[in-house]
């Protein structure tokens, strides 16, 4: 039984607490947060203790920590946790600074501790079924990937200002998805973006609508579309054209009811946000982490994956600014 | 080149005129109707002559006639046309009276002339693709057939009164469809019906909503649902469960546009009525008739098929009246 | 916090144990089963005690029991549990004997204890959304209901022999669904059935394929189709035609991946069986039970509902035997 | 009745001949082709005369010509036909040379004759329904357009060599579609492309897979994806995200049959190529041309539209070569 310390007690930490508790091979031992009331609440619900982070990292009975704190603390906590010998599952992104994330990567490599980055979408039943079909050769050789990823509504501008921008905060999931599906990093990143949803987002120096084209050394192409607003719900689709066919992962719907009237034929909307859509993915992600930690086998998502996605976000940010394609190599330095 | 006489100049006759003219192996030579203005109009449009029926039947250069007159004239015209040596394609139903249709069947058999009944739905690209899949063994052995057949709106009560009733006028298409898909006539017919759409239809002695269950000697079952009113359009679906799977033919839609808003995800309605839905079927039906006449091969739908469907309508009518199952044998006498 | 005793420790009992534990307002206190090992296993997993049934019923701290034992014990246990003052949620069917179920109904009525029957499908998110739309008048006045309910594969013939037959064992869910959607019991039941899936099922005196037509006093009609075998998965669909439109609840699919190749466009199959399809329904059912017990409000499914569905099963069984429609009144005696 | 001369007698000319003949307001008077046998064949089929081009242009009874010859003759023929006072419908593209097309545009402007370019997809029932919904404000303000346009199989390399390349030959339809939907030309064109489908296409200096991003002065974005090979058929989809929703035009399918087996749930493929998919569009295009010519109202697609799409093709070609975004203004000169 893997004893787990949860760092952070916000909304996403609550989701992880449920997954940790429900898994037959893990138990939630302790929770920490700068908001001690929040930590105590989660601890009470799942029979864990509210402690401070140092105490959790210093407790040798705790084998793993799940880092669900604010992004600016991720690199530090990953380093401290691995220094303390813990296995780590850290929410994305590794850091807003690519340079800092690369330092973290080197530090961790020295520790030998397993660190997994929480790209939960790889564990979504739809995307993972699609990946399995690709790897099984069901559409031949992949050629052209398209990712559609729209949020239902933009976050507050106050959040936008500290988020690192759309590419580091939102599209980073899609960069990782492209890496997951294509099995490689792109050579060049070309991005366009605008703040057409809300001019205040533009005022804060960010974009809210963006299209990024990725080209690969072998000629393959990927395109990612992001919008901060799709009023009908959380739009999360992916399609891959290959030499022998097309694979598409479509949206999950709220229910299967269809109504036909004089107004048309109407079905349910996509599930509204990431908690509804990706709840099964969080459980599968945690199960994969526990399995890898228990067996000593490689983690399904690594710190390297986190750095790669961050580098793509950096390249896209630069491409929008300069109006020119940016090579990934130039960003990775 | 097959020279064709068209008997009747109403709406459905116009549809047939187009098909006859567009076919490279046939030409519309003459049109007759008690409404001579209507006959002249169609004749002018397609370069044919308006003549009376006797003249058309007496013209030895005309090889085939298409009968699209009112139902009460079908048997007489079939007999006269075959007596004159014409190949015949006659609109359904053969007759409102089963006994009269059976007499017609015997008379025609003596003539040796080919007579096809216009069950156009057999030639619908969807239903014919489904039939091909069944015959190809794609779902193993058929077990349970369901036919959904709803009109968009009920006809005037005045029409209902002379129509022969829902089973002879509307469900007769579905009876033929069941015979087409199952490749056999049922042993027993069990029907329930009510006039829930419009009490005036009930007042006229008819039903507007009905469910008929057909059971076959080998244990297979079919169920047909009819309603005179589906406000969203012409609902024409069919599904067949077999030992190795399910086949469904779904509705044709007006277009493929889908709109997602806060109100849901809305697509187009089914095509509104039989002219939109079955237009390709009328052309395919005519092509099959010409091919059979030219080659001397068996017709794809025969007068026997028309009589069989009519017998099922008779049995269903009786079953609703008596509240008991009716054997097809008892009706066929 | 409602303390719950679970009677039975089989597969479905395990599903209920999860729902009871996960609910914030209930806790699993004790489990009993004639197989004490099975009871101990569930008890250990959820921190409950394995006890015998008498001890559970005699424990005044236990406020509710969930009966998930074999069908032939349901009536006795309902009576004993209500005599002991427990609130009861009992798996369907109430009993294989309608007469026995009616006695149970009277006995329970005298006790005043709330008894809910586990027609879990009423709590399926799809069917409950459809019901809400009907009640909201979204398709006007209901006219024609169709229920398609196919199992993926037939149970062993040994099970068939003690099951009470397809109508009491399988279609009973659909009878209840018809009552739920239509908000009334039918006047007449007309059934046809055959053993076309497996002749051994016929040899055991049962049918494996059946169509039942229900007619209502006000002219509405419902039709239920059952098959013991749909090789593509658990086929659970419902559609309702109303004066202003059609509502359909379609199947849940394993995932949303669609593959287009030269062979066609292929999506995932329906979820394979009731555990996958109805897992969310079991949780919602339990939540509804707890809410009713806590608030003293009426239960959403009652013992009367269980008796009504059983009476319809009795009528259908009789209708297949006699080849004639059977009135529900004649069966209810 | 508009008398029409058809210049060209190839495959697409045959499609236009049918549309001209079937339209109640136009008649096919004459056909010319350097292959006189082909011209005679079409003429015979539709009761027209085979003549040479000069004779057709010199015949004052002919009010309109349809130009369906090879691309390199389009500009010359448009100029000659308008000089002769004919209304013109010319197949796309106007010319492979943007400069030549611009000269043609000026020449024609001087003549005052109506010239329509055959961007048939604007008349596809799906795309035109979507456009109508956009213009009706059904999804609020348009923000992000995506066009997916894949051919079923690449043309012969010999054709590729004279085609002007993917952007002028294939994506030109999509450039016009973007202009149609967005109601404006883009400011910047950014293209990536590779020859991953067939290296021989790359050897011929062309790409077979490409993604083009268009950005508009007001911040809107469009992205177009092209592939020369989608083995499952002709993939022609479009979606537009707006401030109040999403509109999608999906593929037309060969039929509506769906098969569910242990292998999954399989539907029909998209219609295989442009003749199947766009046949209704050709008829609607012709009807729109006739209506504009008869009424003297503006043409729905103009020579300016043809030049605009060609300029976008030029910009995209340049962008792939230089690896940098290209402004439309710089290309238009």
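Details
Letters A, B, C and D name the chains as they come in the text, with residue numbers starting at 1 for each one.
Simple rule for what comes next: a residue touches a chain if its C-beta (ideal position, glycine included) is under 8 Å from a C-beta of that chain, and two chains touch if they have at least 3 such contacts.
Everything numeric in this text was worked out from a predicted model, so none of it was measured.
Of the two chain pairs shown, C-D and B-C, the one joined by more C-beta contacts is B-C.
Relative to chain A, the chain whose mean Cα position lies farthest away is B. Taking each chain's centre as the average of its CA atoms, chain B and chain C sit 41 Å apart. Chain C and chain D have Cα centroids separated by 58 Å.
Of all residues in chain D, those that touch two or more other chains are 230-232, 235, 244-246, 260-262, 268. Of all the residues in chain D, the ones that touch chain B in their complex are 125-126, 129-130, 133, 138-139, 244-252, 254-262, 268.
Listing the residues of chain B that touch chain C in their complex gives 143-144, 146, 148, 150, 188, 190, 192-197, 209-211, 213, 215, 218-221, 223, 225, 227, 229-232, 235, 241, 243-246, 323-325. The residues of chain B lying in touch with chain A in their complex are 230-233, 235, 253, 260-270.
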